[in-house]
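We just call them A, B, C and D in the order they show up, numbering each chain from 1.
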Amino acid sequence: MSSNSFGKLFTLTTFGESHGPAIGCVVDGCPPGLELDTDDFAMDLGRRATGRSRHTSQRRETDAIEILSGVYEGRTTGTPIGLLIRNTDQRSKDYGNLLETFRPGHADYTYWQKYGIRDPRGGGRSSARETTMRVAAGVIAKKWLAARYGIRIRGCLSQLGPHRPEAMDWDVVETNPFFWPDADQVPMLEAYMDALRKSGDSVGAKVTVVAEGVPPGWGAPIYDKLSSGIASALMSINAVKAVEIGDGIEAAAQLGSAHRDSMGVDGFASNHAGGILGGISSGQPVVAHMTLKPTSSILIPGDSIDLQGRPVEVVTKGRHDPCVGIRATPIAEAMLALVLADQALLHRAQCGDVGEVLPRLV
Amino acid sequence: MSSNSFGKLFTLTTFGESHGPAIGCVVDGCPPGLELDTDDFAMDLGRRATGRSRHTSQRRETDAIEILSGVYEGRTTGTPIGLLIRNTDQRSKDYGNLLETFRPGHADYTYWQKYGIRDPRGGGRSSARETTMRVAAGVIAKKWLAARYGIRIRGCLSQLGPHRPEAMDWDVVETNPFFWPDADQVPMLEAYMDALRKSGDSVGAKVTVVAEGVPPGWGAPIYDKLSSGIASALMSINAVKAVEIGDGIEAAAQLGSAHRDSMGVDGFASNHAGGILGGISSGQPVVAHMTLKPTSSILIPGDSIDLQGRPVEVVTKGRHDPCVGIRATPIAEAMLALVLADQALLHRAQCGDVGEVLPRLV
Amino acid sequence: MSSNSFGKLFTLTTFGESHGPAIGCVVDGCPPGLELDTDDFAMDLGRRATGRSRHTSQRRETDAIEILSGVYEGRTTGTPIGLLIRNTDQRSKDYGNLLETFRPGHADYTYWQKYGIRDPRGGGRSSARETTMRVAAGVIAKKWLAARYGIRIRGCLSQLGPHRPEAMDWDVVETNPFFWPDADQVPMLEAYMDALRKSGDSVGAKVTVVAEGVPPGWGAPIYDKLSSGIASALMSINAVKAVEIGDGIEAAAQLGSAHRDSMGVDGFASNHAGGILGGISSGQPVVAHMTLKPTSSILIPGDSIDLQGRPVEVVTKGRHDPCVGIRATPIAEAMLALVLADQALLHRAQCGDVGEVLPRLV
Amino acid sequence: MSSNSFGKLFTLTTFGESHGPAIGCVVDGCPPGLELDTDDFAMDLGRRATGRSRHTSQRRETDAIEILSGVYEGRTTGTPIGLLIRNTDQRSKDYGNLLETFRPGHADYTYWQKYGIRDPRGGGRSSARETTMRVAAGVIAKKWLAARYGIRIRGCLSQLGPHRPEAMDWDVVETNPFFWPDADQVPMLEAYMDALRKSGDSVGAKVTVVAEGVPPGWGAPIYDKLSSGIASALMSINAVKAVEIGDGIEAAAQLGSAHRDSMGVDGFASNHAGGILGGISSGQPVVAHMTLKPTSSILIPGDSIDLQGRPVEVVTKGRHDPCVGIRATPIAEAMLALVLADQALLHRAQCGDVGEVLPRLV
């Protein structure tokens, strides 16, 4: 199946380059009857958009989305939902010289090796612009999961360079430009990012996403593990280099007696597992983290080669994010929503809809 | 597509439970003409097997494999390769009482919620026994990758509980029961594991796998990223809670100027990226890590509930690994091999076989 | 997805050659809780088996099936069901000389062109022996469709060479060796087949399959049309050259006023459509037909070439069916069952289980 | 995968309703470097378009296609190709009353049973308008197959109601409004269609498609048979009720000695098989036929029911084709091209590109 598609039953197929006429997607498999309107997309597209604070790229994306199909009189019909956003504010001249050279840390060289041809304008297909359509599709998945199962999906930044939050307050996440859950640290982060931007450098980050209300029983024992789906989904986001479930890499140094989550009449005593046991949801919150590398587009010159293999020095101009992780929070939420919607459909295909075999633990 | 299948073109489908009559698999899509014999499987199946040292489960798996199809006069014919191993040395009575209770940290509860029925003997389908077939399939993938592209895939343990290797010597990895790359530390690890086993507890671990000789250009820009495939593959292994590519979670605190790998006439100056840029192989070694949680089967009693939701205390007897990570090294290699073989076929489908668009950097 | 797999959710993967050690399959996606026992397979495997009358191949297949996984205490668990039949009574020497020549009308030449290698014993993978596993998987699909939705699937021969039935009596279909629905014609067919066999020639046939009780709403509007799935399924059976739905090729010469099925308060007035409108089941019986060519293995010499491209004369000895269509009836039923089970799961994934949006017409 | 997608590697995903804002598609997997321009689509879109003669629907589709992605400086880049056509000349009022009733022979009733909601304007998703995008995608597949392998794909009408051509002259097919290969019969067909249109009725038809130059070895032995793919592809076209390969249903009455195609030093002596043996191409022309039912949209009143199950009389106004088969020729060609392109990629994935294991027969 298409390498630009995600999901088996609740599927997303995206197309479009950063500086082409438009980006778009097809969401297929969404159950019929879901209320859907272009207004539904505004919030999450806005959260992902550039140009909203001085800490992200200054490219101004208006992201006016058009629903081309699959919705009739305000409800999904079960047929494929086509979405389209025209590209505006492209400044291709910023990239003109990059056709001849390979920017270090970028996909330029690997695209060239794969295809022998590439659209160099704005990174072409490898631009983070593609993730706009993931966010749009994620809006539909989120809305269906909420309407059908009462699931809530949220995300925040859980590391920014060397800094980690000391408090975990969901209420403040949407009130600062970093999706940061610790309000007291925000001024410090502002200063950190200002200095970083001034230095012309960039930095990595970690994003955490949580889905509450996921019924037990989603996922599958072997190659369709819920954790495997999440890993594939988050790792498919640009710049991601690690995915963790629950305690993640901390589990390497833990003892079994400490890691395993006890169960009692009132439910699980802890959630080291991140809501997944044996690849299947336990009914606890599903918790995942992804680590993003620092963007390679920085003002500091770097060594590289050109098409003829000659050494060149590359400086990446254009309008870039000093920390791509910041805007990645809504993207991670969207991908988690897409995985869960897909697993919801897979589960009810084989096992019927959420039954109550056993009183569910919370 | 079957939830018990892995791969789009070079595909593996497994079946079988720990204490059923047999486990088996179908490997489909392997190119014709590859030499293949039952002897090819001995080494990797042996590396994965239990009972080889006092540090793993004492269940004795003989793992006599039978090639049922797809091979004619010692060569693959391009038709599906059926493999079968009869189960022996099952001691189902060890597990008899577990049908009524859910072991904490295990898939018992989530299986029950999903299916409303489960085979409790030895964990049934969720037993690590299934991974035998991944290793067997991985042997075929490894052999084809080596024969066709000269690729070499190796793995080692890179963390055992709190311990990390101080040296990285591939030559010693196969000479100790831990797949440990630092010979000097082996006695210390022996003592650590002896004490752990005596305590009745278990511990987590990290495994690193490396593929050398992967041509540039494998993978795809969006949802078929090579990194995404690896993440899915490794996260599908029992007990895995995190997957990292290259520098992995370390990238969160890195600066862009430090992380990005410069290119010069002699190739890349470093490999922070782990051999993957923009989801596509760069020609450098592909490096991935996976973190495994401590096994939940321990002798220390744990709180849980039974089928009626009543509190119970569970002690897991039977023959378990105090660190499942140890035997996971060949499994991780196999899954990496399967991902690469699949990506090799996907690449040559769309772009033809490995061409030399540009002199390849090493 | 494996080229030896069928179905998206209720999936079948087969392996094995005619003269290899065994044939087998993996049925994945079957809902949990279905009663299943080796005895369930006896009837349909027997209906497909050779050697039951003088009108089919005299090879004696015992077809002792073994359930290797996926069933616990007589019920499916939702995990993959592995099935195995050991091959017996192979007489490979019958085929020894065929490695050097290409039998006209057979897959010998095309296999060679595709793979450059082939297992010539008994046709290897292209032997009708593979269909044993389709029948076995179809037993599971049939049983689930009957238990869950009350669906009944039946088939009969509807043309044998130049002969067509003049009566349509399901009750006599299983009482004669031809699956023929017109008892009066059976003696005539016996004589026809005896003469054909004596002549050393073979003949084509048509098989009709009907599924009653299929709920309205299964299938999908575009590329997952129920009719498209049936076409793919039946055309995948050896020797099939045409697939028809409902009136099939007769529709070419029909007027719209005659073809379209009127609806009234008591249901549809006719079933020209074969139970499918716009690719989706209407609640009427689903009716499909497949045409099989005459087997190419005949005693009459034929012109061909050998591996070096030199002209040769080929006479196919061995034990062959003078009309492969006769034994194809249970295979067609099995494939229809697999398509319907798959569509059932796809339907309830997206749209929930069979609801009664509208009083169903019968 | 998406029910609105076709193909495994060379994939098409379509979206859009007849009277929505636009129809569109994503073609993914096309090899990089193919020259492609909007002008390439004009001819085949024109051949499929309505309003070109009095014998097809009078709706005027301008079908101005826009390439949204995947092409850079006139060449495909290997990334997904997004195509879009805005809908114009919708007259939804023609269909207003159909929301409450089910037209006999249409998908109205089955859509309603499936989804419980539908877009009634112009048939919504079940409109033949969707096939515009198949033709567009087929243009790309055709162009690549021609450029890479020298394959030529052509189609013609081979039955129109009771009439069949007596001559087979490709040169005249594009010179008459019926894609008819027998010039002498065209005046007779004009008269036949005029009378039919006047009667308010419709009629069925058969379309034949032929691919010349297909290399031997494409397809696969079991569930990915080339014939199986073609059957699925053609049966997915609106109104198709039968698919035949080569001699098709004629094979039922043939003897093996007559049907099988002899081979000699100069190639095959005949092509009863339609270019496919054992599911794999033989190098001969691939020949397939599809039968289309008469359109159900006719001026003659028909009995049906409304949403409340009450009897109603339905007359279908609007602008309909009296024989949908006429415009189906380019659609059949497109689907055949998509199947072949997909099989080309599948073949070279597993077996490498077209090799010359044996001197190819023609």
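Throughout what follows, a residue touches a chain if its C-beta (ideal position, glycine included) is under 8 Å from a C-beta of that chain, and two chains touch if they have at least 3 such contacts.
A quick map from chain label to UniProt name: A, B, C, D = Chorismate synthase.
This one's a predicted model, so the numbers in the text were calculated from it and none came from an experiment.
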{"item": "If a chain touches chain A (Chorismate synthase) and chain B (Chorismate synthase) alike, it appears here", "value": "C, D"}
{"item": "Comparison of B-D and A-D by number of C-beta pairs in contact, larger one", "value": "A-D"}
{"item": "Chain centre separation in whole Å, for chain D (Chorismate synthase) relative to chain C (Chorismate synthase) (CA means)", "value": "26"}
{"item": "Distance between chain centroids, defined by C-alpha means - chain A (Chorismate synthase), chain D (Chorismate synthase) (Å)", "value": "38"}
{"item": "Centre distance in Å when chain B (Chorismate synthase) and chain D (Chorismate synthase) are each reduced to the mean of their C-alpha atoms", "value": "45"}
{"item": "Two or more partner chains touched - positions in chain D (Chorismate synthase)", "value": "1, 3-5, 8, 14, 29, 32, 78-79, 114-116, 125, 221, 346, 351"}
{"item": "Parts of chain A (Chorismate synthase) lying in touch with chain B (Chorismate synthase), wherever the complex brings them together", "value": "1, 3-6, 8, 14, 102, 104-107, 109-116, 125-126, 130, 159, 161-162, 201-206, 215-225, 227-236, 238, 240-249, 251-265, 269, 272-274, 276-283, 291-298, 300, 302-305, 307, 309-311, 325, 346-347, 351, 355, 357-361"}
{"item": "Residue ranges of chain D (Chorismate synthase) touching chain B (Chorismate synthase) (in the complex, touch as defined)", "value": "1, 8-9, 29-32, 78-79, 221, 345-346, 348-353"}
{"item": "List of chain A (Chorismate synthase) residues in touch with chain D (Chorismate synthase) within their complex", "value": "1-5, 8, 11, 13-17, 20-24, 26, 28-29, 32-33, 66, 68-70, 72, 75, 77-82, 84, 114-119, 124-125"}
